[in-house]
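As written, the chain order gives the labels A, B, C and D, with residue 1 at the start of each chain.
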Amino acid sequence: MQETQPYLYFPGCSLRTVAKDFDASAKACARALGFELKEMQGWLCCGAVLSNVDDNLMTKAGPNRILARARQEGNTLVTLCAGCYNVLKRTDLHARHVSPSQQAINAFNEEPFNGGVDVLHFLEILRDRVGFDAVEKAVKVPLKGLRVGAYYGCLLLRPFGEMKFDDPNRPSILENLLVRLGCTPIDYPARTDCCGSYLSVSSTENIQPLSGAIVRSARSCGAKLLAVSCPLCKYNLESSQLQGINDSPPDEFVPVVYFTQLLGLALGIDPQQLELDPRQMQAIRETSVSTVKG
Amino acid sequence: MIQLETNFEPKIVGFLCRWCSYAGADLAGTSRIKYPPNVNTIRVNCSGRVDPTLVLKALALGADGVLIAGCHPGDCHYTNGNVKALRRFRLLQKMLDQFGIERERVRLEWVSASEGERYARVVRGMTEDVRSLGPLNWKARVEAVA
Amino acid sequence: MGTKRVGVFVCHCGLNIAGMVKVKEVIDKANKQPGVVFAVDHKYLCAEPGQTLIKDSIRQHQLDAIVVAACSPAMHEATFKNIAQLSGLNRYNCEVANIREQSSWVHDDSDKATSKAQIAVRQGIEKVKLNEPLQPITVPVTRRVLVIGGGIAGIRAALDVANGGYQVYLVEKSGSIGGRMAQLSETFPTLDCSICILGPLMVEVYRHPNIKLLRLSRVEEVKGYIGNFKVRVRQEPPYVEEAKCNACGECAKVCPAQVPNEFDFGLTWRKAIYTPFAQAVPPAYVLDSTNCLGLLPQACGECKKACDQFGTGCMNLDAWPQVHELEVGAIIVATGYELYDATKLTEYGYGIFSDVMTSLEFERMLSASGPTSGEIRRPSDGETPREIVFIQCAGQREPETALPYCSKICCMYTARHAMMFHHKVPEGQAYVFYMDIRAGGKGYEEFVKRCQEERGLLYLRGRVAKVYEENGKLVVKGVDTLSGKRVQINADLVVLAVGMIPSSETHELASKLKASLDANGFFSEAHPKLRPLESPTAGIFMAGAGQAPKDIPDTVAQASGAASKALDLLSSPTLEREPTVAQVVGELCSGCGICIPSCPYEALSLNAETKLAEVSEALCEGCGTCIASCPSSALSLRNLTDEQMLAMIEAIVAS
Amino acid sequence: MTKTKIAFNWASSCGGCEIAIFELGTKLIDLANKVDIVFWPAILDYKYSDLEAIPDGAIDVAFVNGAIQNSENEHLAKLLRAKSKLLVAFGSCACLGGIPALANTTSRDQIFASSYIETSTTDNPEKTLPQTKLQAREGELTIPEFYNTVKTLDQVVDVDYYVPGCPPVGEQVSKVISQFVEGVLPPKGAVLGASDKSLCHECKRVRTDRKIAKIIRTYQTLPDPQKCLLEQGIICMGPATRGGCGSICLDANMPCRGCYGPLPKAIDQGGKMLSALSSIFDAQSEEDIQRLADSVVDPVGTFYRFGLARSLLRRTKP
């Protein structure tokens, strides 16, 4: 069950800046579950979702370079950020068959890449390699009664034809994990709605209607906490509440955490190490019947 | 010995079963799907008609590859002629390994009457594989080392 | 044989061939081949002038054999063989070289396409030189027809053949004929009551002296060939004597076993002993042994007691399945359709939200004989829905996730559903999400227009992104591409126009029939334009939605067409078979017997005296598997001998 | 009457064919009265010069056994061809390449390496390999050039008749020779001393159902002497091999190895046997089929034990 050999790991920009907590908690969880996340050599920005634009080859150069380098070190690459996962997985798929665009990219890059890196999400490692049973066995502090709304967003799931990660309309992988941690996952309609993504940069006013609606939907279905796997989603879901443009009173604030942080707590890892802030901890303690230390 | 000729065009003999694969090839035609012209086909009633000896003969005569295509297992117009083809093919493959003839050169594929796209894919794939292996040129090879 | 005078005819097929293949060069190359005394090209060889050209040239140049380089032999081989015969040649002295489907249409380099065509022609020349003149083998025709499937297609086909004076076996897997049409309430565009127009036909089938109806039956095995099929049909016992049963229903009253009624898609219940529906034919009860409390050993037997006491005593609980060995000359496949599994369309939440239903379930609800006797009610709480959303193209025209094709009838019945809803719930509001309206058909466009103009009926051009439940309502989120606005409807009921797929057992049946299926699992036709009623496998014809999604008029038309095809086949007592069968060269055969098991038709045997192999020509299908297995090369396939194979291989390799 | 002038010669062979002629025993004496043996290095000392001295076409019939594996074999074959009216390929090696032709699965270099360097019994520190020429005190010494590919007799000279067998069985040999003495001969190119039907035709074993569920090798079992060996899972070349040998191997409860060569119409003995054998594999699933195919150890050596040089491919890929 437990993997010993380290997994090659691509952190991505956000996990080095705004999402250090995602990175830290994931690494801590991995260790607790008996495997290592080995950071790949010379990684660079995945190009984010830009590289999904087909006519812009330049944006594809980066991810191809990343995968070409990863290929040196192995043939699987683990990601945490849903955005990086989406970009890298689709870049690999695209590279697998010959196409003019791929040839152009390979002509441009110093090292040609023709696919063959299995880009995996940390969740897939937990489910397919470690196994949820093993995860459940490793749980020290079941998060009993913690009512969590899993939020997927778009990038993990779509386009379905390429991602094939989970059912794009009724995904379940996060819920299945949360149950093993003792949580009570909340089903709410907006689980897979778009958070607004980069509109938070270009046109902030559009975030409220989108992310706000998601938070409201989750709250109305009884979620006390939102679990995500994407720094941008997290930012949007939080800012839509913090910006004050959210009608909801502060006590109805729904904290947003990374699924790895909940996993960490359940595995008995110290909240500081998981970089959970007080507000989040408070929300967790309030609702979880079990005693979460720290 | 054999110097690789530039822009080498593989010569491939294709034995296609009339009910599935030949119809599939025709469908590729009616659908105007493009594929390389390197396979000339011989229409047989069933892939089970294809005697391994004929494959050997084609190779000895100078073919760079041989493609045998029949109905998917279970769909044979003659119940299980394709299974008999498979029995012969597997043993033939083993023997061709000993003769040093690359597996890419002699292939058995299942192509149904509705799989025009698949037929085109098979031909593309095989032509490219054989092209990268270079000419077989059996007679010359053998005489070169007399 | 080698000294045949061969003529080569190269067809331009307009520009289909000449546009890519350099016909002149093909001619020149052909002229250089030994044995070729004449070669000519023509714009359309298959048309009258072309055929005349062939005929005249054969006479003029005393040709012994011809090669026609044109479209695939699958297209016009027969035509060209006929013309050869008309011109005094043996029809087997004609070969077709495929330079269209397998050359001009699939290559874009004119030179390469041309040289490939030249090789194809050379193959034909080498082969035809070694062809021997043959006479077709004549075999008797069994003048009976098997119709598989008792829906409207099967019913129509069976009646037409039966009225034509031949005996028909009609095999139906369920307890009654009628099929899908029996489940419909009305039919578009005329709004006829479906069962009212179907019912009489069902009864006609039941009463017809030439039709033997086998319900609860399945085809187990199909042997033989066109004109002489041997079919094994297994019939489950109804445990009720059809003739005696008067459908009094006493048995069902006492039956303790309740099961969801499949005829109503589980919207109602039935007993383990039941009649499939009110107008079922035959009008007799059926015991479904899988849901019965137990027959072996008998667990309850209440039904029999009731039947003996109050009914006609027509029950027999010790009945066994029957196996029928049928001999028929033609088979008509009318296996119909099912709906795509709507639970796979997770965005709509079918199977999760009880008020999301399929169009066929809604159809039952509209039906006067249905679960709500025609009233429209929400399954969840029995309330009358006010806001109803119809989603067209559900799981259709979606190559990536569901069905790539269009089911053709959904636009029409959805319009009808919306209209019926509005008639039954005048104050209600109906919304229809559509991609585009496909109303090709007599009176169809007019019908849809009428519906669209109905008050309280709103057509929205766009797709639905998701459906979810929120405080007792179904929230339907979609987009109206005409206004460019996202729309959200809080609906009481959602109806999915789910796509049609071939019946579940189609693939299994197809491999028994050796009939090929298309990429979507429907029966494929011999030619999409010219032979739409025939399977590529001779003697098998198709009718109805088993071949492709279609509406009732098309189905009925196709059924009558298939029937007349079958009648045509049966019209003569004998039929000619390809003589290109296997033969044994006695002096070469050593009687090793390797070939015997290789024949799927038991056409090979060892002669009792000579101990040598011999072929029964009537049984041989000419697959040639035995030829490959013969270590002495004593077996050969007429007009596809090893010599000919070698000649063709050489033509390919040596060029 | 003038006696028929006969020559015997051996090329690359084991000498068994010579023994086959001795097998005639006392018949040899009667033969000696009818014929006049002008060249027979196996039993009398002849030099090339003796053969060269014979005027062209002076020999009535020359029997050559053995395959052509070196330049001497070829030289003598050509010489005899010139000197003789009729040339007969005698025995499987001359007709088909025979056992020596299994060398066609490897190459001269590999053969030299194993014979002169690798084998444990070899002591050859300088790794000296056979040279065609060598300057010695006595002058230039030469040995024949060893060929990469073994050939059949008719691949180097025109052959009139073929007598297969490893070796050809005794009574057949005497029949054949008397055929030549009496000069009653079939058209050129005919196979003498063998049947035109497969061994199965004369095999006395009982055949029931043509099915093979598994392949066994002779050392793994004691076969039932009554039943067809093929049906017992032992690969018997009988179906694809000419009869006429009197099925002596089968009488010894051993499978036919194919020494009498391909049947008249068969394009390729090995290919035909492969097809026949796999055709009766009792397997439907991909796995079972693969398993059965894998259980055929060394297809080339089995199906072409005697016929490799005469086969369609003739040798493995150089």
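By our rule, a residue touches a chain if its C-beta (ideal position, glycine included) is under 8 Å from a C-beta of that chain, and two chains touch if they have at least 3 such contacts.
These figures come from a predicted structure and were not determined experimentally.
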Farthest chain relative to subunit A (centres taken as mean CA coordinates): D
Between the pairs B-D and C-D, the one where more C-beta pairs touch: B-D
Averaged-CA centre spacing for the pair subunit C and subunit B, given as whole angstrom: 31
Geometric centre distance via CA averages, subunit D-subunit C, whole Å: 58
Chain centre separation in whole Å, for subunit D relative to subunit A (CA means): 73
Subunit C: positions in contact with at least two other chains: 598, 625, 628-629, 642, 646
In subunit A, residues with contacts to at least two other chains: none
Multi-chain contact residues (two or more partners), subunit D: 266-267, 272, 275, 279
Touching chain combinations (by label order): A-C, B-C, B-D, C-D
Subunit A-touching residues of subunit C, taken from the complex the two chains share: 346-347, 349, 352, 400-401, 466, 468-470, 475
Residue ranges of subunit A touching subunit C (in the complex, touch as defined): 160-161, 167-170, 189, 192
Touching residues (chain side subunit D, partner subunit C) in the complex: 196-201, 207, 209-211, 238-240, 243, 263-267, 272-273, 275-276, 279-280
Residues of subunit D touching subunit B in the complex: 105, 107, 147-149, 151, 266-268, 270-272, 274-275, 277-279, 281, 283-284, 286, 289-290, 292-294, 296, 298-300, 303, 311-318
Contact footprint of subunit C on subunit B as seen in their complex: 9, 11, 13, 19-20, 22-23, 25-26, 28-30, 32-37, 40-46, 48-54, 57-58, 61-63, 74-81, 84, 88, 112-115, 120
